[in-house]
Each structure stands twice: as structure tokens, then as C-alpha cells.
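In what follows, structures are represented as C-alpha cells.
Common to both upcoming complexes is subunit A, partnered first by subunit B, then by subunit C.
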Partner chain A sequence: MWYYEKKLQYPVRVSQCNPMLAKFLIEQYGGADGELAAALRYLNQRYTIPDKVAGLLNDIGTEEFAHLEMIATMVYKLTKDATPEQMKEAGLGAHYADHDKALFFHNAAGAPFTATYFQAKGDPIADIYEDIAAEEKARATYQWLINMSDDPDINDGLKFLREREVVHSLRFREAAEILKEERDKKVFF
Partner chain B sequence: MNKQLPQEYYQLLEEIQAVDFVLVELNLYLDTHPDDYDAIEQFNTFTKKSKELKIVFEKKYGPLMNFGRSFSNYPWDWKEAPWPWQV
Partner chain C sequence: MFTQFKYWEPYISPFDPCPPMRIKSYSTPPQLYIPFQPKGLPQFKPMEALYRGTLWPALFSPYPDPKKRGDQDE
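For the complex of A and B:
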């Protein structure tokens, strides 16, 4: 089971109301390489991955939910004081029509979240390499977002999240080696 | 939720966030390096530190965790501390 802790993993601060930036950040909320897809991917794969790396999938999957909450907090704070007119100007008119200021799991272009964003192959090597790729894609997305954002407070949070992708990728690469070692172990009777 | 929070709330919270970040890092590292004795020692030291900081924080600002991982005052004070997206 899980417990909730009433704190963010890293402080999220926002310089000013900026719904356009929120529209871009939603990519990491409900997009293909976003935090929801990451959390669900790892937590779903952990049941059938060998025991030696199940703990890592469990723990990184759990951390992804903390990142999802950081992204949600950014989006919430960037839009909470926006007028309907500002939402419309930022390209969030269609979002406002359906959701007001509520968050919704879709990507920056408005495509709704789908489970087809990630796979569970049941083959440990195939699954762990998908996980490495997922981290690299998420890292790249954070970089593109930082490139477009001129909010120094938001960028501080985005840089933290980008670095976490780097660390996760490294841990998954180590896990890939552990899996190969297990696979190649000779069995003696 | 517009309760004005003292600067100390943010300081204490950030201290907890810093210590808990060390724990996340050590935890993931140990998941792939389970035989690193020094890292386990560090992990246990920081676990103790984290628990101590949270006792101090919760006395002042209410429970951090649900489902029995934190104590409650009377009346039920889960709602006392603000939600993380409100601060």
C-alpha cells in the first residue's frame, strides 16, 4: 500500500501567472513521456520483473508520483489567477470550455492520456530498456520545456526534475546489467 | 486556504525535504548496490534524522502523513497543515 506525505519532494515556486507555460508543462502530466505514464509503467512492470530489480521499479515508480504532484502544483499555480480571457489567449480556451481550471490528463496538444503510451512485455530486458528510453525521453522533454520557459522559479523545479531523469536512467542501466548477469548465470546440478 | 504561514514553516519543511532527498537517492542507489555498507550506514543515520525533524514539524504544523503514520491532536487535525500546492 501507499501512504501520503503532505509535502512536495522539492519546493515548487512560481514567479507569475502564466497559463501558456502551464499549457506546455501539461505534457509532463498526461503526455506520452510524462510522469503519469512513467509511474504506471514501472509499477505495472514490477510484478513480473526478476526480484533483484523489482525493488528499483517499485521505488522509482513511487518517486514518479511525487514528480507528478510537482508538475500538477506548477500547472495549478501558473493558472489559478488567470482570467478566462487569459486562458483563451494562452491557447487554453478549449481546456477551459471542458475543465475550467481543473487539471486533466492530456498532453500539450490536448490529446487525452492513454495506456498505449507504455508497454509491459514480460521480457525483463525488453522492459528495462523501455524504462531507460522513457527516462531519456522525459529528460529531453524537460530540456525543451526549460528552453521555452522564462520563469526562473519554474526553471529551478524543472531542472531538479530533469536531473532526476538522469539518475533514474543510470539506475535502470545498472539494473539492465544485473538482469544480464542473472540471465547468463550457468546452472550447475 | 489562505492561512498565513510563518517563515519557519518553510525553513523546517525545506530541511525535511533536503534530508528526505538524501534518503531517496541512497534508497535508489542501494537498490542496485545492496552490499555497500557505508551507504547503508548513511541511510540509517538519515532515516533517524528525518524522523526527528518530522516530530518537531508535526508538533507545530500538524500531521504530515495519513493512515496512522502520524499522530493526531483533538479535534482531528489532518486538515490543519496546508496542502503542498497551496504553499
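For the complex of A and C:
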């Protein structure tokens, strides 16, 4: 089970009225390499992975939900005061027609979220390598978003999230090494 | 020398509905330990290569878990 802390992992501030940015940020909400896919992937894989690395998947999967909240907050702040006309101009006309201002799990192109975005192969090596790839893809996505955004406050949050992808990737690489390690191998100090 | 399979013991609950599998295994094939394939690796003879499923002894991995199949020539 989880306990909930009613605060964001890192503060989200938005300094410019720019609803179009929300259309791009939604990629990290319901996209293939987004935070939802990451959270569900890790929290699902942890059941059948060796116990030495299950805790890592639990911790990182949980943190991904904290990132999901940050993205949701950014999208919400960027769209909550937009008029239907502004939504249309920002390329969010189709979204408005279907959801009004509600957030929805789809990617930047509007394709709805699907469980086929991730795998659980049951082979610990294959699963951890997928996790490393997922973190690198999410890092790249954050970079593309930062490249398109000129809002310094949004970029501050995005840079925090980009850094977390880097750290998660490193932790998963360590997990791969732990899985490859020889049992009963002599350790020298 | 590396091992082709690793073994671990999952948690066994006193309330598990089925008889427990106390030891689980997973495959760690040779390519995980070879960052770049070196030039001029020793090769099997053609017939042996067909039998083994690979040209290079360094990349040979036994089909599933030899302990489960009772193979002797890992």
C-alpha cells in the first residue's frame, strides 16, 4: 500500500500563458515513454524479478507516480484558464471537443494510452534492460520538450525530471550488474 | 569464468496455495559479459557448430537449464 503526501516532489511553476506547451507535455503523461507507462511497467515487473532488485522497482515505480503528478500539474496550469478559442489556437481543439479541460492519457499526437507500450517478459535481464531503455527514452523526450519550451519555470521542472531519468537509468544499470553477478563469488576489498 | 544461469530463493509464505518452488533460475547468457566480440575467437568445427547452434564456443549457451534437462556437456 501507499501513503500519500499532499505535495509535489518538486515545485511546479508556470510563468507564461502558453496552452500549446500542454499539448506537447501530455506526451510524458500518456505517451509510450511517459510517466504512467514507466510507473505501471516497474510496479508490475517487481513481482517476478529476483528479490535483490524488487525493492528498486518498487521505489522507482512509486517515484514515477510523483512525476506523473508534476506533469499533470503543469498541463492543468497551462490549460485551466484557456478559452475555447485559445485551446483551438494551441492545437488543442480536438482535445477540447472530447475532454473539455480534463486531462486524458494520450500522447502528444492524441493516440490513447495502451498497455502495449510496455512489456513484462519475466526474464530478469530482458526486463531490466527494457527499464534502462525506457529511462533513456524518457530523458530524450524531456530534452525535446525543453528544446521546444521557452518558459523558464516549466524548464526548471522539466530539468529536474530529466535528471531523475538519468539517475533511474544508472540505478537500473547497477541492478543489471547485480543480476549478472556470480553467486558465492569472492569479493575482494 | 561466468555462469550461464543464476539461482535465487523467493520468499515462501506459510499461506501459499501451491507447493512452493524454492529455487528459481534465470538465464545469463555469454553475450552479457562480452562488450565487444574480439577478433579471431576460436571456432567450432562445422558439424560441431551445427550441433551447438553457434560457431563460437565463447557464445555457446546450453538450451534452457541443463540441470533441469540432465545434460552432461554444458
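We adopt the following convention: the second predicted complex is superposed on the first by the 181 of 189 C-alpha atoms of A that agree within 3 Å, B and C clash if a C-alpha of one lies under 4 Å from a C-alpha of the other, contacts with A are read in each partner's own complex, and residues count from 1 in each chain.
Just so it is clear, a contact is a pair of C-beta atoms (placed from the backbone, for glycine too) under 8 Å apart; a residue touches a chain by one contact, two chains touch by 3 or more.
Every value quoted in this text rests on a predicted model; they were computed, and no experiment measured them.
In the superposed model, A:A72 makes contact with subunit B only, not with subunit C. Comparing subunit B with subunit C, the partner in contact with more residues of subunit A is B.
Looking at the shared chain after the overlay, A:P84 reaches neither subunit B nor subunit C. Shared-chain residue A:E174: touches subunit B; no touch with subunit C.
In the overlay built on the shared chain, the residue A:G93 is in contact with neither subunit B nor subunit C. Legend: residue contacts after superposition of the two complexes on their common chain; A:P124 is shown touching subunit C, with no touch to subunit B.
With both structures placed on the common chain, the touch criterion links A:Y4 to subunit B but leaves subunit C unconnected. By the touch criterion defined above, A:E182 reaches subunit C but does not reach subunit B.
In the superposition on chain A, the residues of subunit A contacted by subunit B and by subunit C do not overlap at all.
For subunit B in complex with subunit A, the residues that touch the partner chain are 10, 13-14, 16-17, 20-21, 24-25, 27-29, 31-33, 63-67, 69, 81, 83-85. Residue ranges on subunit A touching subunit C, taken from their complex, read 50-52, 123-125, 179-180, 182-183.
Contact residues of subunit C toward subunit A in the complex are 2-3, 6-8, 10-11, 24, 26-28, 32-33. Listed in rising order, the residues of subunit A touching subunit B in the complex are 3-12, 53, 55-56, 59-60, 63, 69, 72-73, 76-77, 167-168, 171, 174-175, 178.
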